[in-house]
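So that you can tell them apart, the chains are marked A, B, C, D, E and F in the order they are listed, and the count of residues begins at 1 in each.
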Amino acid sequence: MTSQTHQEPTQSRADGRAVDQLREVTITRNWLDHAEGSVLVEFGRTRVLCAASFTAGVPRWRKGSGKGWVTAEYAMLPRATNTRNSRESVKGKIGGRTHEISRLVGRSLRAIVDVDALGENTIVLDCDVLQADGGTRTAAITGAYVALADAVATGKAAGDIPKNANPLTGSVSAVSVGVIDGTPMLDLAYVEDVRAETDMNVVMTGTGDFVEVQGTAEGAPFNRAELDKLLDLAVAGGADLTKIQNAALSEDARA
Amino acid sequence: MTSQTHQEPTQSRADGRAVDQLREVTITRNWLDHAEGSVLVEFGRTRVLCAASFTAGVPRWRKGSGKGWVTAEYAMLPRATNTRNSRESVKGKIGGRTHEISRLVGRSLRAIVDVDALGENTIVLDCDVLQADGGTRTAAITGAYVALADAVATGKAAGDIPKNANPLTGSVSAVSVGVIDGTPMLDLAYVEDVRAETDMNVVMTGTGDFVEVQGTAEGAPFNRAELDKLLDLAVAGGADLTKIQNAALSEDARA
Amino acid sequence: MTSQTHQEPTQSRADGRAVDQLREVTITRNWLDHAEGSVLVEFGRTRVLCAASFTAGVPRWRKGSGKGWVTAEYAMLPRATNTRNSRESVKGKIGGRTHEISRLVGRSLRAIVDVDALGENTIVLDCDVLQADGGTRTAAITGAYVALADAVATGKAAGDIPKNANPLTGSVSAVSVGVIDGTPMLDLAYVEDVRAETDMNVVMTGTGDFVEVQGTAEGAPFNRAELDKLLDLAVAGGADLTKIQNAALSEDARA
Amino acid sequence: MTSQTHQEPTQSRADGRAVDQLREVTITRNWLDHAEGSVLVEFGRTRVLCAASFTAGVPRWRKGSGKGWVTAEYAMLPRATNTRNSRESVKGKIGGRTHEISRLVGRSLRAIVDVDALGENTIVLDCDVLQADGGTRTAAITGAYVALADAVATGKAAGDIPKNANPLTGSVSAVSVGVIDGTPMLDLAYVEDVRAETDMNVVMTGTGDFVEVQGTAEGAPFNRAELDKLLDLAVAGGADLTKIQNAALSEDARA
Amino acid sequence: MTSQTHQEPTQSRADGRAVDQLREVTITRNWLDHAEGSVLVEFGRTRVLCAASFTAGVPRWRKGSGKGWVTAEYAMLPRATNTRNSRESVKGKIGGRTHEISRLVGRSLRAIVDVDALGENTIVLDCDVLQADGGTRTAAITGAYVALADAVATGKAAGDIPKNANPLTGSVSAVSVGVIDGTPMLDLAYVEDVRAETDMNVVMTGTGDFVEVQGTAEGAPFNRAELDKLLDLAVAGGADLTKIQNAALSEDARA
Amino acid sequence: MTSQTHQEPTQSRADGRAVDQLREVTITRNWLDHAEGSVLVEFGRTRVLCAASFTAGVPRWRKGSGKGWVTAEYAMLPRATNTRNSRESVKGKIGGRTHEISRLVGRSLRAIVDVDALGENTIVLDCDVLQADGGTRTAAITGAYVALADAVATGKAAGDIPKNANPLTGSVSAVSVGVIDGTPMLDLAYVEDVRAETDMNVVMTGTGDFVEVQGTAEGAPFNRAELDKLLDLAVAGGADLTKIQNAALSEDARA
């Protein structure tokens, strides 16, 4: 395993962070032996295992298109949270939240994938939350990108993707922002998230453009000025996450 | 039935509209005889039946809290669309999109509900898309607010809600915006929606604050300037929708 | 939209009708823009949206048979009724009543379809009850026939069905009859239906033959004489419905 | 076990029967050791195991009503038929046909039950088809009545039902009739059933009144004269079944 | 039907049996008319209907392999037991116990099947417990072997299996053993099973080798000496069952 | 986190182990922050996360009994294996294997729990396989015991379990054994498992008694001598596992 850790100076919140500071973010590549790409990503105590499964070929409905397919599934272990949740496989159906986040992760990754360059290959990203402390979906996207990059490299090494093809048009990361007691803050931990008046998840490319912006008024509606401040925080956080992703990927993965 | 129709001057799109122009929006109240509030809302050819069911009492987990409960379910008839979709009840599970929109509609309405003022009463909003031509979720939210207002009035008339209580802290409406061939446009019809590079749904109060902002890059990621233009369009569209809602509600409902 | 309304003189029941009188029956064709045939059918306050989806080709198990396929699905919106019912898609399974009526509607339509003349084409009828006030299954069959006829015409216009083929061997309609306080009555509204000692649904062709006869003793068993009187009422009601269907179909559908 | 067999003289059909002749009908009581009433009923090669489960008390929604509850479930073993059918428990859902017949059996039995006299007790009838050769639903109803009668007797013996109460207001049996090659026939075997132009199931009381009449045109629609002939056949067959039921019940059950 | 009954001298248990004595075991072949092999097997009051369905061809994933496929499904009728159990098809999912036993029965039979000699043919064993009094899984395996043998014979007679092929490499039977009040006993009835400190199911070939050994400490853990005694009992019981199976198969099946 | 690693000298197998040698077994306690007990257990490359959730109180059906309840759920992440498996929550049902192992883990733990001493408290063990390389169920049981012990300690510290109560009557561990190319071996890795002629899982207490013995002939049936050798190997392996468990538990858990 190789691991890339990033730690910022602390200042003021419950955990001593500055309002514009990420939690400690750690990306450990090759956490699994079988997967073509795998990452254990940690945003503070939030811990998500991202596994990328590369298979030559595409689903039947896409055959002959020359295009690849990237999709994602997000889930949470029953005891990832403070109190145990029932297992969705036992309940026999997936909850709305799970569905919603799986779709978000998939869309976010596809935003930086060139399916023509990928060719008729499929990559499935499994993001399983082992421990939840706020920001599980943003950690999942941030980690899944690194696992995806490794899976693409594996596909190239195996000859399924041509050497000169560039299936990834850029990188993608995500971070949450929110307004707590009137103050906009970056990367909310669970205790902050439940108190936030406004909660926003922002998915960005490595070049600072937006892939998804999802803001929700949990308490009172928010105005344009608040929205702008939250976006500013998110953009800065995204830049930090991009650096951490790049640092992780620049290490010799299987050394 | 009473009906309130709003029509704007046309200018340039496939259907002749200006880029900042809503489709013809029609809100027909009391479309159903049994429901405590009901609206057939039309955004152009998109047609959504919104039924508000008021019941005294709350679910078991909320009993004794003194607080009410508002929730929503969104669904689409199999032949609302160009080609028939399988019925979710027959498939035995709800798709991710349905789940996601049901949750969005519920959150949007709860943003303008004072659950203490509502008291221990429940209102369920059923938003069934009879015909889909883009913007079904925004039409659903816009229509559901009117049905909700009627259901609250019914609850007051029946004495379940005290006369002087104000369970609604404001109004809520929603509209889609998107970038097509580089041009930001308001209230996308289906043919526009499928071509949009960026697609955003904005839920706003009658006072112009944001309840939800959900922007998605369908093609290339979008930058801050584009985001700002889209929000400008949405805010103006929301103001128009608020007027249409108010006009509909100002008519004598059961005349 | 085109609409065909039929109103009979009133006489004696809760709603002033004579015992052998239908409620006001309205058939509005082309209620939807996408479906190959669509009808909003109303039996008094009962309101059912019937959409016929025509597709060239048949399911795999019927390929190469030269025969077409006609099937139907019936469902009820949650707030079609006096109090809200849980959504079957949310419960994850279809109830017995829904299953039973879907099968009845499908069989009734197939009784007047010549699948050889239809050729390898499929027509699916979706009958969604928007508002229920008794007789939803009979309204569904009566309306679905008209939607089916329009879908066949669409199939012919598109060249999927040969011009000289006659896939419909006749017409079909349905009506409920029942015994209330010892008196046989035609076309029961909900308040009558719940009080009926015997309840019967009769599906008939336009020539007055029977396709389905389903009589149920809700209270005391019924004898042959009662059965005969109920059938007499139904046959007369069926003749009236046939006239209304024909009148609706004789209008220029897309004028 | 005690067993009551009934055999009529043969005449003309594939199996040599006269058109108005039942197959050999056998009712074996107490086929199970645990159930409060149980019957193996055979209509020729059709073999249905009917188990009546008596429990003191009623479902929550009926508590305090003073009324009892009778319900039924019908199912078929996978290899009851000529070729194996998938198991509904494995498929995870019950088919429409199963649902429909379960409801029919339950309604048929409730038609001769006085729920006030039954008191707050529940009887569940399980009708499992061990072998199918046509007429499984009619055999199920005919056998279930006898199992129900035994369960009522068990309830009385246990003191759960007062000695002088009469929860059964009569008996009920059922038989199929159909038109084959233009000839109305009684009690169709599978080879006849698949060829029938019209198929009717008739549920009758021991006094010859109707509980359910369900006639279906499988091929061409049927007219009033055919309907009348089928009902005549069914009524005569029902009288025969009533005798067989009574004979079975008159034997000393647990001798 | 042909039937083979085996009865041992009685000695000491609740039902008077010796500790090393089987209950009365009865194997009735050809209990069903349609199945290619069928057996009603009884271990005392436990009664299991085993139906073997032979079909030429194999599932898609096995095509072209030259190998056959044998699988099994076990289930229990709702009123097989002392009190009624909910129907798994109605609950919409199969319980863990059902799953587990279905898998055990399938593995046990495959242990004596030469899939190459079977050729590309499929045999499905349905084991439905009509009445349960302990040992249902062991009765199911013991009976299913006989049904399987008959299905193989049917497949040979039909020419689907070559005359000189030997798809069965031996026979298989199963029996339960357990420790009750410190005493190891053979073939536990339900009243014994619930009191057993240790419960073991042993599946053996006709030559006395083991196919499955599943021992479970229900109360206190068990030691090696107890395990050895239980295995001794099981091996002797298995030898008895083999004789009963062979006797049943040596009768002229369809005489 | 605290971690306890055990490594044996290597000798002969694919991975160089002796036939009676465990893989490297590592037990890392407190791998999760929220769970009342949690362990990451590794048997070589097999990696299982065991979380014990302690809650005061018992399910409704056990209330007032004075007894506690211990249960377990086992599952595998989609990419725990060489190739990706579909997610059971997405398929909407749990497979037979999952069901079977969940039940085994639960039974194994309950064998060493004194539910009276536990009092009316519930402990749920979630065993999620993060990576699979053979022996996942035995690793799950071995790790779950340690998590269970920590959860009991947590319950005592919180005062839910009396200080002097001993809810654990001993320890429990499990190991697989199998015959490969005629040689009995301990603790099979995946490459060995798929080649094993006989496969056995043995669950033992710390005192060397048996809780479960599950032996299966994957190829040819096995005889008594082979069974005895396999049990010898398992008992020795169980003793080693007990030492590793004790060593892990003797460290200061939350240091």
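In this text, a contact is a pair of C-beta atoms (placed from the backbone, for glycine too) under 8 Å apart; a residue touches a chain by one contact, two chains touch by 3 or more.
This structure is a prediction, so every number in the text was calculated from the model and none was measured.
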Joint neighbours of subunit D and subunit B, given as chain labels: C
Angular offset of subunit C relative to subunit D [C-alpha, multiple of 5 degrees]: 180
Option reproducing the contacts of E-F, where over half of them reappear, out of C-D, B-C or D-E: C-D
Per Cα centroids, the chain farthest from subunit B: E
Distance between the centres, which are taken as Cα means, of subunit E and subunit C, whole angstrom: 51
Between subunit F and subunit C, distance of the C-alpha-averaged centres to the nearest whole Å: 60
For subunit E, residues that touch 2 or more chains besides their own: 92-94
Touch-based graph of the chains, sorted into line, ring, star, complete or other: ring
Complex contacts: residues of subunit E adjacent to subunit D: 32-35, 38, 45, 49, 51, 53, 55, 73, 75, 77-84, 87-94, 98, 124, 126, 128, 130-131, 133
In the complex, subunit A residues that touch subunit B: 93-97, 99-100, 102-103, 107, 111, 200, 204-205, 207-217, 220-224, 227, 231, 235
